[in-house]
Each structure stands twice: as C-alpha cells, then as structure tokens.
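Here the chain labels run A, B and C in written order, and each chain numbers its own residues starting at 1.
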Amino acid sequence: MSEPPLLVVEELEVRYGNLVAVRALSFEVGAGEIVGLIGPNGAGKSTTLHAIAGLVPYASGDVLLGGKSLRGGPPEKIARAGVALVPEGRRIFGSFTVEENLHLGLAARRSTGAAAAVESVYGLFPILAEMRDRPAGALSGGQQQQLAIGRALVAEPDVLLLDEPSLGLAPTLVDLVFEALGAIREHGVTVLLVEQRAQRTVALADRTYVLGNAELRMTLSPAEAGDTERMIAAYFA
Amino acid sequence: MKRLDALLPLLAPAALVVAVGLLSSLVSRSWQISMLYALVSVAIVVAISVFVSNSGVLSFGHISFVAVGAFASGIMTVPVVSKALVLRDLFPLLRDHQIGNVSSLVLAAAVGGIFAFVVGLPLMRLSGLAAGIATLAVLEITRNVLREWTSIGPGATTLSLVPETTGPLQATIGALAILSVAYLYGRSRLGRMLRATREDPAAAQAAGISVHRQRLWAFTLSGALAGFAGGLLVHMLGSITTEQVYLELTFITLAMLVIGGIGSLWGAVVGALAVSGLDSFLARAEEGVNIGFTLTVPTGTRLVAVGFLMALVLILRPGGLTGGREPSLEAVARRLRPREAA
Amino acid sequence: MTPFAAINAQTLVDAVGLGAVYALMAVGIGLVFGVLRLINFAYGQLVMAGAYTLAWTSAWPTAASVAACFAVVLVLSIVLERTVFRPLRTQSPAVMLVTTFAIAFLLQSIALILDLRDGTIGEAASTFASLNQAVSVGGVDVRRVTIAAIVAAAIALGLLALLLARTTIGLHMRAAAADFTTARLLGVRADRVIGLAVILSGLIAGLVAVILTVQTPLVTPGFGLKETIIVLVGVVVGGLDRLWTATLGGFAIGFATGVINAALPTDKTVFLPSAVFALVIVVLLLRPGGLFSPRGRATVVERV
C-alpha cells in the first residue's frame, strides 16, 4: 500500500462492566480493500464494529478515519463521516416499504445524486426494485440482507462495515452476498467484513484478521484460504 | 460482628424510629403531631417498599390499601351512638358494632391484605407501564367506591369521632412492627426468590420460581401492612376523608421512597423521615416560622419543594439518598480504617 | 326511560368534540413517547400553563394572547426536554415515569403559588367566550367550540400525518420511533428528531389549552390533570407502540366518556369512574399491548 490506510484501529479496548470484550486491538484497512475479521463466538468481532460505529464507548484506544479520530462521536455523526454499518440481524424497518428503507439510508449521504444512488442499488440488487413498494417485513431473509446492504450503500460511504451478513442464509444467497461484496469493492468502497464463514472470507478478502478471546491472534491471506480451518484449529488447540 | 451486620438493616432504622418516638413524647403537642405523622409515614412507606423494592415493580395503588384499612378500622371504632346518628346508611353490621383499638388494627391489616390479594391475583401478571396504569386504576376505583357507597362508609363526608389512640407509643410500636415484618420477609426465602425475579425474570423462571406467585405474596403482605398503617393513620388523625388517601398521599409516599432510595429498608425509613421533616418545616414556614428571623413562604411551597427534590434526586442520583443499600458495619469500618500505604 | 334514550345527535357531536380534544392530547403524548420512550405525566401541566397564560393575558388582543400561550408552552416543553428528559434517557422507564409524575406535581404546585397571589384560586380566561354559543347545524344545536375543536383537531392531525408520511424529517421521526439505534446508525440526527417531536407536542398542548379554556373558562392548578390521566389510560389501552393506535385510544376514551356521561342519569353516573377503570384493567390484562395493536401482545408496555 503506497497510500496511507483509510481506517486505522489503534489499541482499541472495550469493556462491558468488568468483562474485557476487546483488548489492545490494532489493525488497518487500506482504501479499496476488503478486510475480513473472523474468530469464534464471543471473540469480540461484533464489539469491534460497534465501537467503530459509535454504538459502544471504548475504555481506551482510538479509531481513525482518514487520519481523523472517530472517538466519542454519536453514531449519526460517524455515519455522516462516511462509515456505514450493516448490523447483525439486518435490523430493517419492517413496517416501512423497501423504498422508504432505502431513503432512510440517504440520511448519511454527503453529496447530491441521491436518486442515482438509489437506482444504482436497484441495479445491484434487482429483487429490491421489484419489491420497492412492498413492506420490508414481507421480504425473505436473503432479500432483507440485500436491503440492509443496499440501505448502507445509498449513502455512498467510504467504509462499509458488515456484521455477519451471511448469518441464517441459504447457500445460494450466501453466494449472492459474497458476489455483491466483490462488486462493491469494484465501486471503490472499502469493506470490513465480520463473518462466521471463515474460509469464504479468507478467500475473498485481501487480508483477514483472526480474533480470539478479545485479542488479535493471526493474520491470514487468500493463499491460505484452503487451510483456514486447519490453521485456526491448530492455533487455538 | 457478622451477626450484628446481618441485624443492622433492622436495628439502624429501628433505632431512628424509636428515637423519633421518644422525642415525640417529650415535645409540645404541635411538634408531636408532626412527629407522629412522620412515624405513620414510615409505616406506610415501609409497607409499600416490601412490594416495590423486592419486586422492582412500581405500584401507584398502594394507598388504596391504606385507605381501606383506615376506613375499616376507623368506622369500627367510632362509638355506636354516633354512627346511629351520623352514618345512618351503614350496613347494620358496621353501624351497630364497635370494636377495640387493637382489634381494629388487626382488622385494618386483614382488610388491606384481602383487598390486595383480590386485586393482585389478576394484576401481578403485569409489569412495568401496564402495572403502573392498572394500579392507578385501582386507586381510582377505591376512591370512587369509598366516596359514593354510603353503606360502607361516610362517603364524601369526613369520618370523625375516631378515638385518637395513636400516640407516641402506638405509633412507635406500629412502625417497629411493620419494620420487623418487612425485615423478616426480606431475609426469608420468599423474599430472596422475589428479588431474583427483579434482577432477571427469565433466569428466575428458568430456575423454577413462579414470578406471579412471588409477586402476589409480596403484594398481599405489603397490602396488609399498608392497611395496618392506615389503621395507625386514622387513629392518629381522629378522622379521615377520601382525599387524604388519594393522589397527594400517593405522590408524597412515592417521593419518600424514591428520595430515600428504592431497594432497602434503610432507604425507605430515611426517605420517610427526611421528607416529612422537610414537609413539616415548610408547613410551618407557610404560616411563618422563627429560625433566628421569621421565614414565611407562600402556600403551596411544601409540594413544590418535595416535588423539586424528588425530581432532582431522580435526575442526579437515582439511587436516592442511600443508594438503595442497607447500612453495614463493614462498610463503615472500611471508611474509618486509615488508608493503606500505597 | 332506558339509559341510552338520552343519546341524540347533540350528544354524539359533543362526544366527538371531546374525543377530538383527547385525540390531540394523545398525539402530544405519543409523539414524545415515540422518540424518547418516555411517558410525560406532566403533559397536562403544559396545557395548564397555556391556559393560565391565556387567563393572565385576557386583556390583550386575542392574537397576542394566543401567541403568548403558544410561546409559554413551547418554552416550557423545551426546558423540560433539556433539564429533565435528556438526563433521564439512560434510566429505567419506571424512573422516568415517576420523575414526570413529580414534575407534574411540581408544576401544579408552582401554579398554585402564582395563582394565589391575588388571593383566590382560579383565573378566568375569557378570550374566546363567544365560542361557547350554540349554532344550529342541520337542526342540531352545536356549540361553536365543538365545531372548532373537531375542525382544529382534524386539521392538526391531518397536517401531522402528512408530515410523517411525506417528508424526510417525518420519515426520520418514524424510524426513530421504531428503532432509534438503527436510525442513528443510518445517520438520522437524534437531537433534531427529538427537538421536532417536543416542539410539535408543545404546539398541540397550546392548541388543547385554547380549546379547553373555551369549554372551562375557569383555570385552576388542576387544569389538565384529570384529562391527562384519562388520556394516558386511553393511550395505553389503545396501544402505545404506534402513534395512530394511541391517538385512536385517546379518541375512543374521550368519545366513550362523552356518550356515557350524557346517557346515564346523574344518580347512576356516580360509579362511572369505577366502571371505566375496571374496564381498563380488563383490557390491560387481555391485551397488554393495547386494544388496537395487531396481536395485542405487549412489546413496550410489558418490557418496561
């Protein structure tokens, strides 16, 4: 990487009461990269994303976007700075229409061209265009995941954070999501992906960090994708 | 030391109660009335706290139990001669009989407890906001019925000629009795099971505790104690009206509980005494009180001050004056111990 | 004569008028609840403050008096939001409930002190006295104020519905009411949405103050308290989760109160409050989420 990294996490420490959820975590994400974050349940992956997005306070450390600290900002300010989080469980607004859900995502947009952005999301996920006037609660799990990602994309964020997007999805839909992530990368959006599906993540991402017990344990590259399960098991054995 | 520490949550507030009781027997009549009122307030607030502190469920309706206890024991101790003249519409059972002081207090507790049980059977399924509204509804129904049904009471008029048997001794003993029952319940298995549901209802249920049943026990006990306190109240005032056991009393007792600190017996007592102290002082100040110079505040300042204090405590220090904790010798000893060298 | 023979067109119109006022109050309470998850027990006191302002500015020209009323209510709403609601946001709903209860008493007591400065309780607000006159509409005698109340409520509610459904800020408010955290994640500004809810709620309180002072020109510290309790009951029974169910609940209880009060002869209405409150308890037991909510299952109301 010749340019400076876009997103820098520095010595991040997050506590819930006496429990340390994330300890001295440091990593970088370069502009245009897809970086993965994997690890067993409770390792601190979601907490890391929540801390970056401003949903939980951190005890120490910092998160820098383009050199500027995001620490302490309320979630809406961080969103407006160009960081979009697609939360675990999608959390779409079931009683609103698909189109209204997308329009809601425009709240964090920093430039004009909202209509074009919405259309481009419909291009990326055609099923959403078909269902645009239906209540979002009527969509299937996979469709809702597409909506959640689309909703984050209409804001044209610099960094897209995804919290377990393939959770609960059938294999064909998982393919769809991962393909979409590839397309998103081509649009120049930087992606930080938290996932349970270790192997696919390592294969897709430029670099994948492995979290264990609140700490960064190892880094994997796509070349090691075939060996992922074995390497993680060996490390944690 | 450990034994003492376990008893302290009872002894500390009891000591305060006894102190106030003793003092009240020595001062002038006007001060005595304020102090007796403080003791009866302690009784009411502790009764409410048995349910609210242990279950974590808010009740706006406990004053209904105070009301039925007050009216029941009041009516049964008014001399038959007066009842025949003034309260002609009463049921013969009520009108033609009169019972003694202690019996009337037992009656008050019984009536309060039964009423609470009947109300609690359906209501204890609710929590949070729904419980708050439902208990408020109970308060309204109680007041409405007491005001309109002249066969069971004086209706909208004042019930008077009730013997004033709550002097320093009865008030002190009554408050101590309620304190002791509250303490014993809190330490009992039932009390602990209820507190488990307060912390984590799902976990408690998984452990086999019936949330509904435990709440109902506490609600009934608390209702009985509140009824008993109502008996103390009516025999202190010598009279009672429905408005005296309605919204304003609900507000004041809730304020006492919150300001003292929900969750502990100590908090309930401290809150009751502190707020009644303030209330009495301001009530005098509304007439003009001499504290070196004469201070007169406009009428209505009492409620403003109590309301303001309550809001302030809730915003700044929601745990109340005591943080909802019981006094503990260990905590005091820890504070007094000289600091260890770094 | 059967109890309900007394119901005629006039009764129904009056009941609709009462329902309209209660619906407005329900919206005022529901708007703030939606974004703050806070039940404002002191909402009636906002109406009371507006009513007192109308009374104390009775001598002013009508427009100025009404403007003063709205100004006072708005300022009071904003002050309450900053000093009380904001610090309370992290507290349990029970604490929030009790605190607004305390604020209600506090404001009522302050009003008592101010009112008593002239030695008597109650101030007269005679600004719109003419609206109490009756007008004949299709053979039915209807008070002007009833018409005004229904029309005002319809317009206000209509405008609000448009705001919520068609504008961006309305979308943001609806989202914040449904899932505040996710809305913020998407960039919705918390303070703007809350601020707008508070202001709209205050404007409605001002409107209610104007309407109520016409019907009850004598303003006392208890003004609005009785209505608040009834509206709160209606809102919880209707369903607190959605604004329209809360509004419907407010309207329903207002309408029902109006009809029953007129239909039953006086000697039989003494136990009316008990009947109503008993019904409330029954509804809460059967459908804790509210009468009109889709499954009647409690979401907010129980989880508190």
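In this section, contacts are C-beta pairs under 8 Å (C-beta built on N, C-alpha and C of every residue); 3 or more make two chains touch, one makes a residue touch a chain.
Not measured: the values here are computed from a predicted model.
If you draw each protein chain as a dot and join the dots that touch, you get a simple line with two loose ends.
The most central chain, judged by the distance from its Cα centroid to the centroid of all protein Cα atoms shown, is C. Between subunit A and subunit B, the centres computed from C-alpha atoms are 54 Å apart. Distance between subunit A and subunit C, defined via averaged C-alpha coordinates, is recorded as 43 Å.
One simple way to say how far apart two chains are is to compare their mean CA positions; for subunit B and subunit C this gives 32 Å. Residues of subunit B in contact with two or more other chains: none. Interface residues of subunit C facing subunit A in the complex, by the touch rule stated above, are 168, 171-172, 174-175, 178-179, 181-190. Across the complex, subunit A meets subunit C through its residues 53, 55, 74-76, 79-80, 84-85, 87, 91, 93, 95-96, 100, 103-105, 107-109, 151-152, 155.
Only residues 56, 58, 122-123, 125-130, 132-134, 136-138, 140-141, 144-145, 148, 251, 254-255, 258, 298-304, 306-308, 310-311, 314-316, 318 of subunit B touch subunit C when the two sit together in their complex.
Of all residues in subunit C, those touching subunit B in their complex are 39, 83-84, 87-88, 91, 93-95, 97-99, 101-103, 105-106, 108-110, 112-113, 116-117, 229, 232-233, 236, 240, 270-271, 273-274, 277-278, 280-281, 284-285, 288, 298, 300-304.
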